[in-house]
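Once you scroll down, you'll see the structures, which are given as structure tokens.
Across the two complexes that follow, chain A remains constant while its partner is chain B and subsequently chain C.
And now, the complex of A and B:
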């Protein structure tokens, strides 16, 4: 027999009367904390403080290990040692892929003196993965896990709710968004918590385009620390602008959702450790092989001349529309594999071209382009998988839709940045 | 035999799952951590049973994709034992889902999780009485520290399905 909703509540009422006694309840410190973190007047400053703390911790931790220790190790010892002992030497094709391709300086092929420039599997590949990104993601995930386990994330969602409603997403969309700052792949799965197909499409597309992952954040923090804030702001702004436009354009509903806010818990060391380990294991088994493969991929394309060919084909667009040198083609290709690798490569290219041919503003534009222009291959695979589950045969329209949004965003948002530099007189 | 762990979002299903199976499913303090089901195994007596950590659902009328997964899991596994996990501090709405599952004829064991928080909040639940009314095993648990989990597991093989009519009779008859 099945009951109606009212009948069920009627029984529950009776059961509860017979079995549950609510005693006197004292307000505890936890409740006070719970209150001040959701009321806008106190909650917003606290949220800003928490996010600022997040940022500072991330920068300090990653900076300490990367700049203070790992850069010296890789540039001062690892690279010279490899250049010394690795068979082949400058000009050899295998040596170029694995260690150092070298670059032309006034007509002479010279060796690289740092691990961004060399762009070999064993030099740049390992340096980007272990020297730069590993410390960054340890710091990032540690803080994120503590936020997750304490119960602060849903409170942040409540605070951001109003802004999110303007773009047709409810506050809960902040969860995939924050996860996405770690890695876009789990974030795509987390969009299942959103209710309609429209919302899931919007969220997947927007986060794949606009939210840089932890690995990319880490390396940006290392190579352009003073501009990371600007890049992030520009990307977040894009997220909301295009979110607003998509919400207007796409048919479908964006219903309200009532969010359940859990009580605060003290995160347990056991769970934090376990989750951190699970994430790091994922990094070692999935991300690092991708970084190394990415280097091989790009180097092979270089050697057979595909990169130069592409660079010449896209030169008018890159130089004319985005205002960046045609040499940024290679990092844009690398970005298919890994975004962190692409940013590292941009840095190497700037060092080779010099500040005049490739100034800081152009570097910022190319970093923004690397984030915007195409999600990494792992994210694409995940979007296809989720899209298939969500739409069945409609997955083609779903993907084409995403791609169309992507193209529009790259040209509008990337071109706009060039325009901003022109107006400011720096381009 | 299969065991399904069901309950509202963020009542600690994944924590119970990890406790029972020794697995490493992600646990977080926000609703919606588990969006797909997870499988694990537990040995009860001589029988190896499959345990499934089902995404959280408020009722059996699904509202999002994660909830759809939950309802499909239940429909596909009509002969399994459902461990219905309830947040002891929000017992009424947890019971709503429990009743819905009972109505569908599944064998049910109820876990009153976060028992410690209910005690902190001065909420007293008469477990024995609840057991009598529902006619199914009811076990208080604190999954994060593991209290009550052993008893919960020991009740699984003895679970039987009950008729909703008998629940109505039990509650009306006092």
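And now, the complex of A and C:
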């Protein structure tokens, strides 16, 4: 049976009369709150307050577990116990890899007295992964999930849509960007919510270079707490400067965004718990093995002399262009496995060398370099996977393009920081 | 008392409160920009996040003041609610930080804090947001009033 247009409209009228209630809709307080969070004049101060809450919660929660209990546990009990019972002793190669590589003081090899300096798989490796990064990751994801489930995150996307349009992206880019502050790996997958190949290439490249993950943030908060704000500002500035340049250079479209914003609602404990566990499971299965492998990898390179050789080869670039000591080479190698591990190593090296050889500004530059320098191996694997899905055989061009941007960024943005220190007279 | 009178009282209350919040916000902003700190009795304005606290408090004060006209309108009420929520975020995080700080024993102490050390954490001075917090809770009455309407 075929219905005419009029007959169809009659049926629609009949159904709507039975199902739809007609009347005057009155704005509720919830609606009005939803409106003011997306209007720039009121929305930006609210966003600042929310991000302040995010950052304060992150610092207090991670600090409570790390500084309050876990540093004491690892430095005061775990490290001395391992140093006592682990076979081999200082100077033995297996002991160096697993427990404590030791360091030279007046020509004598001495044992480390904290887990940042020991560089062992069971000491530094476990301390970085569980003692520093795990509390930071829990704090980050807990707050992020509450923002997601309450309905604030899509409003933040709408609010900063205009800013992202300046660099050829749109408000949805805030989702991979914020996810990236937790872990770059799911963030690369989240770039699928961007429409064009140009946007996905830009976002993957920019977040892999400029956005530090939660693990790295956690350890930065422990190593250089008073400079984390500056480092973040410098990286975010780089994100937008290079985003603007890439938008001008790369051909392709940047379409407008149409977004259905859900109403605000109270997050449920059950949902928050489930999502938190799902994300933490990823950390336990992917990140922790990479941290431990990273320590083994760097320790083996140290033992066979590769790190020293690389440090000598790259010394002119590291010292001359970036203004950091050649000892930064080992953390840069470790950064390929895990960036949090690399920042932890920087702290250990600074404690060993002392402030004269490795001052605060050099430490800040090194942390920035670790962030800008090659993304961790898990992120690279995900970029290749997403690139292949996006471009098939064109993945090589995609990767070479990303690599070229990366090299340019490291040299320009890293060198610029050195120049800033020179102008300020501290380098 | 009818609703109109209640809203009139609210308008005056939040206008005065907004001025105080705005003044504290401006002071924090100024101190944050110049890198100085201020302490007077139990009141303290210092710390690495002072500038951000100043921006938030100043904005909250501006929200309160901008709701003066047509105070009973739902959009104006939303501004008052959001201004109070901004104060709650800063004050809430300060209290949360204090609670977490009071539990562990510190670098050289035992695993947990002593009773004395625990109580000491809660001793002043306090940031302005903590003093403003109880006065901002009046907004809950107006949220309930809106629901009844």
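As a working rule, the second predicted complex is superposed on the first by the 405 of 427 C-alpha atoms of A that agree within 3 Å, B and C clash if a C-alpha of one lies under 4 Å from a C-alpha of the other, contacts with A are read in each partner's own complex, and residues count from 1 in each chain.
Convention: a contact is a pair of C-beta atoms (placed from the backbone, for glycine too) under 8 Å apart; a residue touches a chain by one contact, two chains touch by 3 or more.
Note that the structure is predicted; figures quoted are calculated from it, not measured.
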Contacts of A:19 with chain B and chain C, given as first, second, both or neither: first
Which superposed partner A:193 touches (first chain B, second chain C, both, neither): first
Which superposed partner A:72 touches (first chain B, second chain C, both, neither): second
Which of chain B and chain C A:36 touches, first, second, both or neither: second
Touched partner set for A:49, first chain B, second chain C, both or neither: second
Larger contact residue set on chain A - chain B or chain C: B
Touched partner set for A:61, first chain B, second chain C, both or neither: second
Set of chain A residues, in rising order, touched by both chain B and chain C: 28
Of all residues in chain A, those that touch chain C in their complex: 27-29, 31-33, 35-37, 42, 45-46, 48-50, 52-53, 55-57, 59-61, 63-64, 67-69, 72, 226, 229
Sites on chain B touched by chain A in the complex: 8-10, 24, 26-32, 35-36, 63-66, 89, 91-92, 95-96, 99-100, 103, 117, 120-127, 129-130, 133-134, 144, 163-165, 167-168, 171-172, 174
Chain B-facing residues of chain A, complex: 1-3, 8-9, 11-16, 18-26, 28, 148-151, 153-154, 172, 175, 189-190, 192-195, 200, 259-260, 262-265, 267-268, 271, 274-275, 278, 389-390
Residue numbers on chain C that touch chain A, as the complex places them: 48-49, 52-53, 55-56, 59-60, 62-63, 74-75, 77-79, 81-82, 85-86, 89-90, 92-94, 96-97, 100-101, 103-104, 107, 111, 143, 146-147
